[in-house]
Structure formats: C-alpha cells, structure tokens
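This structure is in structure tokens; I'll ask about it shortly.
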Amino acid sequence: MTEFDTGLPHVKQIQKYIVDKQEVEFKLATDDLLVGKIIWQDPACICLVDHYDQPTIIWRHALVYLKPKA
Amino acid sequence: MTEFDTGLPHVKQIQKYIVDKQEVEFKLATDDLLVGKIIWQDPACICLVDHYDQPTIIWRHALVYLKPKA
Amino acid sequence: MTEFDTGLPHVKQIQKYIVDKQEVEFKLATDDLLVGKIIWQDPACICLVDHYDQPTIIWRHALVYLKPKA
Amino acid sequence: MTEFDTGLPHVKQIQKYIVDKQEVEFKLATDDLLVGKIIWQDPACICLVDHYDQPTIIWRHALVYLKPKA
Amino acid sequence: MTEFDTGLPHVKQIQKYIVDKQEVEFKLATDDLLVGKIIWQDPACICLVDHYDQPTIIWRHALVYLKPKA
Amino acid sequence: MTEFDTGLPHVKQIQKYIVDKQEVEFKLATDDLLVGKIIWQDPACICLVDHYDQPTIIWRHALVYLKPKA
C-alpha cells in the first residue's frame, strides 16, 4: 500500500491528531458519523476511542472524510 | 495484500479477540450489524460464529468497523 | 490477487461447500440475498446455481457475507 | 489485473455468452438491472447492446452478478 | 493500472467519443446521471463538459456505465 | 498508486485549483456535497477548507466528481 507512507500529509495529520488527543469526526461509507480520539493507525485501519475508552477499529476503505471537532 | 501482516495492530487486535473468545460487533457496508465471536481471519475474510455456532464468512472489503461488545 | 490462494481458510471452506453440495446464502453489496449451491470459484467470481440449475456468476468484490443454509 | 485471465471460468463463460449471442441480465452496484447481449469484454469493462443495438459500457467494479435470461 | 491501456476496447471507445464530440451519459455509483461531452481521460479520471463548457472531473472508481446519447 | 502521477491531467487540474484558490464542489460516495478550497492532495487524500478555515480530509476512494463552483 504505497498510499500509507508516514511522510504523506494525511498520515502526518492523523499522527498529529493522535499526539494532540484531538477529538475528531469520521464520516463512513454507511453514512455513520463516529466521534472520538484516534489512538493508532496502520495501513488498513484506524482505531478510535469514545468517552468511555471503548475502541472501534475502522477500515480505511470505509472512510469518507475526517474533520477535527470544533 | 501488504495490509494483512500479522504484526499490524488491527491484525493483532483481531487475533486477541479470537484467543479471548471476545464477543464483537461488525458494521458492514450494507449497514448490517453482525454479532458473534471471531474464529479465524485470513487476508480476504473473517469468520464469525453466532450463539448456535453457525459460521458466517465476512469479506474484509465489506467491513466498516469492529467493536467489542460491552 | 494474493487473497485468492487455495490454502486460505475461506477458499478451502468454499471448496468444501462445493464438494458437499451445501446450500448457502450470500449477502451482496446491493443488499440482495442469493441462495443456492456453489459450483465453482475463481479469483474474481463465484458461481451459484439455484433449484432450476440456473447459474448466477457473482463478483467477489460485491460479496458481503456467506452462510450455510440451516 | 490477474483476475482477468482468459483461462478463468468467469472469463470463459462470458466469452461463451458473446459467441452464443445469449441474452443476459446484469445486476449493478446501483441496483440497476441491465439486459442485453455482450459484445466484448476487456480487463476493466464489459459492453452490452440492447434490442436497438445501443451499446452500454459497464465497469467491472460495478458488477454484482450476471445471469443468462431464461 | 494495467486496466488503463490505450489499446483496450473501452479506452479506445472513450477516445472515439472525445474525437467525435459525442454527447454521452454516465451513470455513477451515487445513482447520478451526468450528461456531456468527454474532453480527456487519464488512468484515474474522465473529464466531462456540459452545455456551458463547465468541466466535471469524474473518478473512474465511481463509474457504473456509459452510453452515447441517442 | 500509479494513478497518482503529478503529470496526469486530473492531478494537474487539482494542483491548479490549489494555486488559484478556486472554490470547488466535491460529490462523495455517501451523496454528500462538500464545498471549499483545496489546500493539498496526496496519493490517498485531498484536503479541503471551508469559509472558517476548518480542514476536512477526504479519501480519494470516496470521491465521485469534482466541479469548480460557478
């Protein structure tokens, strides 16, 4: 997966959200909106935790967009 | 499929769910929610069994997210 | 397509359904449910026949899940 | 695209439908059903003509299933 | 992308529509129908212009089918 | 990802929209329309900012089409 290279802008931005513990919002292919903090990313998935520290593993192929929560 | 590498966080987390016989919930591209225990994973699929030990083979490309059941 | 390797669990399970003439159910990306017996698989497709021996070629990229019929 | 190899069952079956001028039905990812005769296939697309010989180029990634018309 | 090869039937047909300034109709994965004239194609996208010469860049992965307008 | 090559028409057109600070409209696979200015592109994503300079990272696989705002 050449599109997962730690030097790419989107990978670095997600890494910054992890370090900053930034709350973010993901829009998924099913139209779901998931809100939480990203704790890790790998070439196929991103892991989000909610307020109760419940982890959700999201597949990258199902991602539509990502925004920081205001 | 470089995104299926047994050292990746999501593959290891799924492996842990298999070993722990953790009940999990999958959201699929069709908006279905499937609940059960994962019994194996391979590069293209994940196999879930329900309370009656009925197996369901899910294609990874149809996965949206995965959560442990509370 | 490395994800089509005859040693993989999902390929072997499908092969077993073919040999056993097991009736199965496929959920597709369009939300359709197709029921029948699998007669062959190749790296891109799976062929199902219904009660009238009418063949349907299904593309793997459209597969969501597969279950044996109870 | 290794999944387009002229020796594969689904490619040969489609080739047979072309030679036989068999009327077929395609289910697409948008839930559309297209009916016609296949006139060519290439690694990315399949071309169908209707009763008025109007061609429609369908992308393989949008194919769900294919059946001969009874 | 081996499926973008200028010798393939679908690439040549699209090239012919460009040269002929043929009005065409695209069905997209979102179920939208876009009508216009194709002005260029590259391995990932196709560019369509409408009656006001407004360009729309369409991603190939979102294409379902293509027809000439009658 | 050979389909991300800075010499390709769609990559150059997006680069031009970045330089021109052109307001654009994206149609996404979920049927959402996002409006804003593109600030960067990489092989997997495109980043859009709205009137409040709020960034949205969009995955390319979820893109359907792109138009300049009139």
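We call the chains A, B, C, D, E and F, going by the order they appear; numbering starts again at 1 in every chain.
In the analysis below, a contact is a pair of C-beta atoms (placed from the backbone, for glycine too) under 8 Å apart; a residue touches a chain by one contact, two chains touch by 3 or more.
For reference, the UniProt names are A, B, C, D, E, F = Hfq-related domain-containing protein.
Treat the numbers as computed from the prediction; the structure is a model and nothing was measured.
Identification of common neighbours of chain D and chain E yields an empty set. Copies chain C and chain D of the same chain sequence form an interface built mainly from non-equivalent positions, shared numbers / all numbers used being under half.
Between chain B and chain C the centroid-to-centroid distance comes to 19 Å (mean Cα coordinates, whole Å).
In this assembly, the C-alpha centroid of chain C lies 38 Å from the C-alpha centroid of chain F.
Taking the mean of the C-alpha atoms as each chain's centre, chain C and chain E sit 33 Å apart. Counting partners per residue, chain D has 4, 29, 61 as the residues that reach two or more other chains.
Under the stated contact rule, the graph of chain-to-chain touches is a ring, a single cycle where every chain has exactly two partners.
Contact residues on chain A toward chain B in their complex (touch as defined above): 1, 4, 28-30, 32, 34, 40, 42-45, 47, 54-59, 61-62. Against chain D, in their complex, chain E makes its touches with residues 2-5, 8-10, 13, 27, 29, 31, 60-61, 63-68, 70.
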